[in-house]
């Protein structure tokens, strides 16, 4: 029993969903999503029992590319994120009328598969392949099932695709170059290369371009807001909840350990970029009219902070980053779902057209509020743990990073409360707004449950990720 | 050797069938024959042999490429059934011409003597001139044929002159002798000039910048099936031949010559991709994309000793994707007078399968995993980097980003737009070819070693 | 045993919260109110138990539940610390909390969302408790932000009114500014001392091994910013008056008695740090004094009864910070307690008045309520005397202590403080006179329904009034029970009990006289001349400035909020667009190039062949001629 | 035989045929009448054939002359096809001016 079964399950799931036909697709997909989650947990138990789940199979002989998956704590953390969010996201779409559903849900599972592969692959090229594969489904999901004017959407989506692809192709070049040096794409081999400072710098930048677009960091974020707005909410969830984390994860797993000298040398620049993203994203979010765009920019701010944490190159930065990745993943999915629920009822995403929802839908309003406060990392929510740790990691680099980065708790409060006030509070508007249905409630409650639980008891996660992060740190400081 | 005979025989057989009025049987028989020949050819794998005092040399290179050509031809022949359904009287001619083209192609990759090479290229070309102009009543077809013929003949002249100079320098047409001599004494300048002229002739055939101008016009004007032949079979043949020529003539690659290759490959891929961006006619677009791919394949010439496998892989990936794409184009544009993108609107809704296939083909050409096009580019890049041309690879990368632009224009048209016509009929053979081709493409994507380890 | 009790102590209100939030509607108003109150009373009882224990044993109780957050160079337990300070605080938090819950049962009875109100109140108590008994800075921080959340919820309790929501938002964000300071403070403490556990910190610091001047100073500054945010000191005080938008019991509990004193609590908890940063102490004292004066002046002319009390709260908090700055922590604590008594009483009293007048808060429309609501009148009168510092009420002693300390420390501050308290006396009695004396200025049917509030309201008033009267006893000059009680908490301090010398008596006299003068002025102005403040428009000159609170809010809006929004617009409309255009630019450029290139492909065979030959010649030339 | 070459020298043959070849090229480039273009191409090919023969004599090797036969045959075939296409073109547009073939471009 090894880790590759997880991928197989998801892939088979995608296939079965496709064959199941439009009627059954959603349920089948949900089923497989849950199975994969269960299996992830099972594997996790094995992993904690000290069992080795890695796989390595020879694949291509010239150049040497092997099908090798490596499951360490970090990977498992991301797998958990993926495994938990996938069924939630699928469930969240139950309220919508999805045309030719079988393709839709098949694509979702396929994307989940690709992302899981990205988190697991320990062979550079295999990793790259999964990385690219994850791009295809989201492209079609956004293109076909998206909303808004078709032409606008096309522009946004194509821009997104080409932009991200451009980034990752430079990463590919870097990988090939490294292969020329190491004669292998294996993670260890690449770690153990000793490259000159210049080489490291170029490699670092090549990776950075790929990740900066994906995460996204300013000023590489121009695709984000539009795609988030145009994509169907499910797509937005997949993007913001999991796919962004691919970039952040890769920074820790690939970029920093392979080019540590460059990472150390230019650390302040990249932290600065992340922090700038925090401020910039928050400020832009203040005056957004469209709720999805607002959330997009808030997400820009949060990932900026996470990225800064990763580039801080210390244990707290890393640990906080990983925790915050998960926390942000949960919350942002919840928030986008809330936006979707509003859209289902009121058929608008313009904040000024909402208001007074709390009067008619107290339960929904309360849950939305919890999500809002989680996203501004109120203590006792998971996000606080992550953000606190990240900020402390930054503090160890320089107090001002922590202070400026910390602005997010002020600005974040500003725009999120503004959003809450103008969407939920105030006098009711004439439209009738019925409270959450069962499935909607289930989604929100499960997310909130996760946030609260890990907010008070993050120990299992920290224990899971710490060892692998420490090894990576050793690698960086070799 | 037997391959060559078998193919030619098959061609003749077609004509005989016509005489005895067995038109129905032609295509099945041809396909069966081709597959049989394929088996025959593959059986020769691993053997080194030469026939008719080195007129024909059989080795892994020739065998593998011949097999690829046969496979491609099989697809093309299979598609001819529907394509020529409305003038059945000509079908035998067309099929046999295709087979003769194939024969020429095989001669080109397995020549042991420049005479054989010259004959091969001429057989191929003349066959193509005919095919290009084969729609007698269509001006576009005529123009295409004319252009192709004039420029082709011109190129043949240059090649001939090259051969002549090489002969003058070496006193022999036998490549083995030439190779041995070229290693020994100091050589007269003509030799190199001759080689260069031959190379330029071939560059014309692969449509590399600045010898590419014919390609878009001819591709657009010719009957679609001929375009398919040119853009898949012929391009691959020419590329393989160029590669083989440079290997056997053993013109040791001077730095200057490598620079030429680098410049040409950069020019080809860039011009091809840029020009393709604004094309509305799909065939024309694919012509430019073919030019850019020629640029990519030229990169293999920078590491002659090692890149044979890569070239084979790239050629296979590219041509399979091309076949798949053209199968769809043939279906979609069968009854339209032009091949503009508008014909593809909403294909994703009306014919999801074909849309998926075309998408796959385009993604493969664009170099997206898990399609074989990606691995082709990967291997190519890694070869080139290890040959020390990092900047070339970076430019190639930028180009593949540009190329996504127009490949996705087509995909968008298929999925993003509403169908503007209802498409009737499901020509089984088109479907079969399309699906099989794309599946093969993906298969070698999953197991690149299948191809890579052949050389 | 202790663990379970501690858990009961903290979880009881949480339980109440859950019960009310989920089943409140079904429970019905009275029951949910009762539950809310009972849970707090339970906490109070447990507190009492611990309190009595500790007075005997003098043993602080440590409770550790589990590891919470893993940080590389210090660990964060989830645990509680029940020591003298926290228990003392709990006493009045839970005690007054219980009373105010009781009060609210009647006060909020007409509100449709009463169960939510009690849920939030319970949640507040829960967070307040965890703030007080948290064993380390982060647990305290949970409570710290939690109470902020609750105050947000309760200020915006009537959420249909967007103005109230704005007030709530403002309160939360201003608190957040402080919280960032506190967070940074926590970082520094953890970074320097490798722990954020109060007990450990105390030992480390008192050992004196750690003398990292610079960092400790920065930490003290950061922490003070946090305190200033919570306890409404300059420059972060403007949220507190707006917070009066909430229901009156909320103002009494959160914005007078408990939450706003969290800053003082935190500084007292970490007194050993501040002792190491004298500069910061100076600053605290000065800021405290100025705040008290500024707030007092503003209170002089306010016409909204709750606004007056709000600014008086700010002013009193200022006095407390003055004491903290002087290093007289127990004095500050003393004033916190007494202030909790009388200010809670005053707010509840005003609430009772407002209740009677059907939500009329403008003093210009009150008057002559003395006869209609005697209990309210008496209790408020006592509290007013207390806050004005009239012998022998609670306020007298505590305020007196502060002023004495100030006098010994820095006479200038003493002057400011005294001035503030004179003003206090004035505006408090202005309030009393305008509200209770002369004849009623309200509408007729208001007059018809004038009535004393029901027992549930008056009972807490009476209790608090009594406390406000006798509360001073806990720390009489000379023999101070409080100092004695807190002594174990300040191991390194020989606590300064002002021996009652001549100066002290003189100071007391001055203070009393000052208070009387203030009252006198008020009497002259509002009873003798029977003045009533005119409409807002009529304010002129200084009083206009004061009435508009020195225009601080307006300035903040102009300077900070507007500029941020301006930037936001700029980024949204220009930077974003520009970046996007830049990225699209590449595509556009490629397309343009393609468009030009099409001209080259002109279809003429001659041209094609010509290019062919050119290429040919170029290659030949390059290879063989050059 | 060799005396011929000795008297003239192989270079001159090369120059001659290069010149002929160039004439052919220029013909192809500058003439617009398709027939004449064909003939120019023929000149190119025959220039090469001439050189073949010269070299074969020079090397005392018959291969060259054999090759000339190949190339002649090929040339004939090419021209046949070419003329066929030309006829088709003429039928359609009633002219054999290659400059008229400009429908396919861009």
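The first chain written gets the first letter, and so on, giving A, B, C and D; residue counts start at 1 in each chain.
Criterion: a contact is a pair of C-beta atoms (placed from the backbone, for glycine too) under 8 Å apart; a residue touches a chain by one contact, two chains touch by 3 or more.
Predicted model only: the values in this text are computed from it and were never measured.
More C-beta pairs in contact connect the chains of A-B than those of the other pair, out of A-B and C-D. Note on chain placement: the centre of chain A and the centre of chain B lie 43 Å apart, centres being C-alpha means. We define each chain's centre as the mean of its Cα atoms; on that basis chain C and chain D are separated by 100 Å. Chain A and chain C have Cα centroids separated by 37 Å.
Chain geometry summary: the mean Cα position of chain A and that of chain D are 67 Å apart. For chain B, the set of residues that touch two or more other chains comprises 146-147, 150, 154, 216-217, 405. Taken residue by residue, chain C touches two or more other chains at 587, 598, 601, 603, 605, 609, whereas all remaining positions touch fewer. Shared contact sites, meaning residues of chain A that touch two or more other chains, fall at 162.
Checking each pair of chains for touch leaves A-B, A-C, B-C, B-D, C-D. The residues of chain C lying in touch with chain D in their complex are 598, 601-606, 609-610, 613.
Those residues of chain C whose C-beta lies close enough to touch chain A in the complex are 21, 66-72, 78, 138, 141-142, 144-146, 149, 152, 156, 159-160, 162, 165-166, 169, 172-173, 176-177, 179-180, 183-184, 187-188, 190-191, 218, 564-565, 567-569, 571-572, 576, 579-580, 582-584, 587.
Against chain C, in their complex, chain A makes its touches with residues 159, 162-163, 219, 221-223, 225-226, 280, 283-288, 314-316, 319, 356, 358-359, 366, 373, 378-380, 385, 388-389, 391-392, 395-396, 399, 402-403, 406-407, 409-411, 413-414, 417-418, 421, 424-428, 456-459, 462-463, 466.
By the touch criterion given at the top, residues 587, 590-591, 593-595, 597-598, 601, 603, 605, 607-609, 611-612, 614-616, 619-620, 622-624 of chain C touch chain B in their complex. Residues 59-63, 125, 128-129, 132-133, 135-136, 140, 143-144, 150, 153-154, 158, 161-162, 165-166, 169-170, 172-173, 176-177, 179-180 of chain A are the ones that touch chain B when the two sit in their complex.
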